[in-house]
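Which chain is which? They are A, B and C, in the order written, and residues in each are numbered from 1.
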Amino acid sequence: MTATTSPAAAPDTPSPLADVTRDEASLRRFLHGLPGVDQVGVEQRAAGLATRSIKKEAKRWAIDTAVSMVDLTTLEGADTRGKVRGLAAKAMRPDPERQDCPRVAAVCVYPDLVETAVEALAGSGVRVASVATGFPAGRTSREVKLADTRLAVEAGADEIDMVIDRGAFLEGRYRQVFDEIREIKAACGTAHLKVILETGELATYDNARRASWLALLAGGDFIKTSTGKVSPAATLPVTHVMLQAVHDWHERTGELRGVKPAGGIRTTKDAIKYLVAVHEVAGEQWLTPDLFRFGASSLLNDLLLQRRTQVDGHYSGPDYVTVD
Amino acid sequence: MSDRISVAKTYKLYLGGKFPRSESGRVYPVTDAKGAFLANAAHASRKDLRDAVSAARKAFPGWSSATAYNRGQVLYRVAEVMEGRRAQFATEVAACEGIAAKKAESIVDAAIDRWVWYAGWTDKIASVLGAANPVAGPYFSFTVPEPTGVVGVLAPQSSSLLGLVTVLAPVLASGSTAVLVSSAERPLPAITLSEVLATSDVPAGTANILTGHAAELGPWLASHADVNALDPTGATPADRVTLAQEAAGTVKRVLSVPDTEPDWTAEPDLSRLRRYLEAKTVWHPLGV
Amino acid sequence: MGIFDYAPAPESRALANLKEHYKPFINGQFVDGSGEPLKTINPATEETLAEVGTASVSDVDTAVKAARKAYTSVWSKMPGAERAKYLFRIARLIQERSRELAVLETLDNGKPIKESRDSDVPTAAAHFFYHAGWADKLGYAGYGPDPKPLGVAGQVIPWNFPLLMLAWKIAPALATGNTVVLKPAETTPLTALVFAEICQQAELPPGVVNILPGAGDIGASLVAHPDVDKIAFTGSTEVGKLIQRTVAGTRKKLTLELGGKAANIVFDDAPLDQAVEGIVNGIFFNQGHVCCAGSRLLVQESVAGEVLEKLRYRVSTLRVGDPLDKNTDLGAINSAEQLAKIRGLVESGDAEGAQRWTSPCPVPDRGFFFAPTVFSEVHQSMRIAREEIFGPVLSVLTFRTPDEAVAKANNTPYGLSAGIWSEKGSRILWTANQLRAGVVWANTFNRFDPAAPFGGYQESGFGREGGRTGLEGYLDV
């Protein structure tokens, strides 16, 4: 990253875009000056790409890649340490009877269960991601959001999934949203930051594009579609818009940032459609857990069932995957 | 060897895509033209009507926003399934209306063809009734017909199938959803038609068919604030006046109907389709 | 070879039910044609698919007689509601046999299975479904209370959308009460002959539809036949002019749907990513073998660089290959002849100084293929800006203002279609108003619907197909 000469600009913003974040007015002009997204057009492109037929070796590769991209998630009021330990075991060994099955990318939990997850996953290579900043609604004070983040970071989280303030965004207070992301990023230390846009609440693709750019400007390592607590959660078209954003960001700045669709991705068929989108919209470079994740819980079992079908040569059944 | 005992059919309401009994638990006997017992039909109550309106309203966004082509396909499928049940319909119509088998068959054929006629209208209404408006200014102005919403229909008392189809099909063809009260004394073809609708890709709640009495249910339909239009065909001429007055309370679109049932075999005009459509006019400037 | 190769995903060729021999369809039967049989090939592999009997001039006469007899004794006497039910049957049969028809179309034409399956065949079925509903409602179409058909229609269609062009011709003709004799293109006769089987399955009265495979001479014979009341032609402007001359002074009604050189106009306030999709769709859909293709990109100068960069990236993801593979985006060029024409015009682009960019995608080594190509720095006076290439070759020109865009877009004897990309509604409507083109797509491209009339201005032809307007061509009004 090149250093900027403008003192008022965010120090992390690459210099071609430094002036853009100088103040509220500049930020608004930049975001509102981005090209619009035609709803019918983007939905048609997403539907067209979804007809790609991925077979044989390509399908096996896609299933294994998808498994390795899963952020295995539990975000329930009723989560216990036992539940988290069970999930961690599954994350490390998704298919106990198939040693060649890859492990998932991360386990994703609430901040007060990070300690349990870290202990359970120690030495496995599976990362610990934590939601933070008053997830899922994000309707609380800056201090509370920062404290929430520090709780997770100090307990050992490798990754933080924060939520943006949708109220502020919809009011047009972009600079406030930007500053909040930067502060959370600073509180992350070495942990990676995923910025949840909650695209279902932003409602339009234009907003999804603007929020994506806002999060990238503010230093988010990943942009994430949803909390999974609001419907609609991840969709193919909105993910297209976000993949286009990271692609364009890379063209502009040379930096690679990631995308994570979360919520509502339940089947292998769906997951493969997302991988095709990554491949053809962002580019081959993004086909790695370092730059693409699935926020999911039930998806993993369907991936495992389809993996068995590919390997064993016949359709599998739910008794052959674990419930954890 | 004794004659085989048939399995008698239970006739229930068609509401929200399902076949419930009346919430009131009431039934009434239906007889053929000679007075012989045919079946006990559900006697729909005002609460059934309330639930039907609710189901029709719930179905409206989906049905009205489907493409006209898709609606046409669904309605044509209804005709296909009706054709498959031609013999069953003919038996019921003959029994209900006290007519010979051959006449009943020709009525059923006409009903199926009537349904096909309406199926072919869905993707043409806009071309015939809509327009680009040549306004005096730098504007593009166009008018499109849009479905009005939930339509309440009192089906004819006498024509148990052909008349029924002629009053129901235009509601669905226009993109609106229907709550229909069948003929009181000749309700059975209406329920068989419901079975056809339920197996023809018609989304649940798009059409709701209640067997019962127009005199009892009519006023609740006419005064219901969530019903947009009313076809009072099945009411007596005197009752129609009262219903129209009730309907005025919510500015419903009320169809004008002749005092006595017309010859249902005649090809309809567009008056029913037009009654269930609202014209929306849009303006947009032209300029660089 | 990247990390995510999709692996071959071929649709099954066996679904096409290919026969060794196909025959002309006259008076409800498949009969031996007295013309020289032709061999139809798969342009992706150059292998022969089947032998097809063709019509001779005497067969044309037989077919017209059959169509006339069917018209006089059966079809013109039949109530519209009954005609409608035949057309509904045909629509449903096309839907039922859609997979077979799609695979066969791809084998015979070379277009990707994705397109024949998702676009050609469903739209063909839709045309029959839509027009079926008009058969008993002609009094509402705006041509008077009881408009009459013309009689026997002679129809000649091109090779680029064989089944779909057949549907565009036969559906309105039959719905309005005419009978037809149709000549499919020489290189793509097969789906028309399966359509004939569908007519038999629908129990369509003999003679109402007749299909005569053959070459240009058979088309000319049909056009010149004295007992044909109406001629409908879709094809090149060159042949269209010949037909118009032949028919001049006769009582025959004529409609023509000819070539185009459509301008796809991208303003600086366009939704850029979707505009790129629209540009790609506009010129690479169906390998650019489309009369209404957006073959000229007119991009506002201030965004030209950005658009071209996005465009090149996007075009390089297009997959050229086996048309039967479900992942193929661009299939084969329909014939060696057409490939030579494309190459010739591309050479002229080089010679006249345009900047060529061709996608680095892999291209099969046998069959007729051409990699997607974009010429920039193109000017109005170059051949590639004026002549229809009918292939996957885009010519890019720039403009400064809306007036200039309109002037350049209209500066052609053609006038079939145009595209406009902008997020500003008033600009779209103003531009649409100014363009001399029969079909204007705004923020989309290549959208076809039986309810929406299609046809051109000037040398792109006259008459419309689809909608209420499209009925006019087959009515005596």
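What we mean here is this: contacts are C-beta pairs under 8 Å (C-beta built on N, C-alpha and C of every residue); 3 or more make two chains touch, one makes a residue touch a chain.
All of these numbers come straight from a predicted model, not from anything done at the bench.
Undergrad: Taking touch as defined above, what minimum step count separates chain A and chain B?
TA: Tracing touching chains, the least step count from chain A to chain B comes to 2.
Undergrad: Going by CA means, which chain is nearest the middle of everything shown?
TA: Central by C-alpha mean position: chain C.
Undergrad: State the chain with the largest centre-to-centre distance from chain C, centres being mean CA positions.
TA: The most remote chain is A.
Undergrad: Could you please state the distance in Å, as a whole number, between where the Cα atoms of chain A are centred and where those of chain B are centred?
TA: Computed from C-alpha means, the inter-chain centre distance equals 49 Å.
Undergrad: When the centre of a chain is set as the mean of its C-alpha atoms, what distance in Å lies between chain A and chain C?
TA: Roughly 44 Å, centre to centre.
Undergrad: Where the CA atoms of chain B average out and where those of chain C average out, how many Å apart are those spots?
TA: Going by mean C-alpha positions, chain B sits 41 Å from chain C.
Undergrad: Among the residues of chain A, pick out those that touch two or more other chains and give their numbers.
TA: Counting only residues that touch two or more other chains, chain A contributes none.
Undergrad: Please name which positions on chain C make contact with chain B in the complex.
TA: Checking each residue of chain C against chain B gives 81, 84-85, 88, 126, 129-130, 132-137, 140-142, 401-403, 425-427, 429-431, 433, 449-451, 467-468.
Undergrad: Report the residues of chain C in contact with chain A in the complex, numbered from low to high.
TA: Per the stated touch rule, the residues are 2-9, 114, 118, 269-274, 277-278, 317, 326-327, 423, 443-444.
Undergrad: Give every residue of chain B touching chain C within the complex, in rising order.
TA: Spelled out, the residues of chain B in touch with chain C are 68-69, 72-73, 76, 113, 116-117, 119-124, 126-128, 140, 267, 270, 284-288.
Undergrad: Flag every residue of chain A that touches chain C in the complex, lowest number first.
TA: It is residues 35-38, 40-42, 44-45, 51-59, 61-62, 244, 275, 279-280, 284, 287 of chain A that touch chain C.
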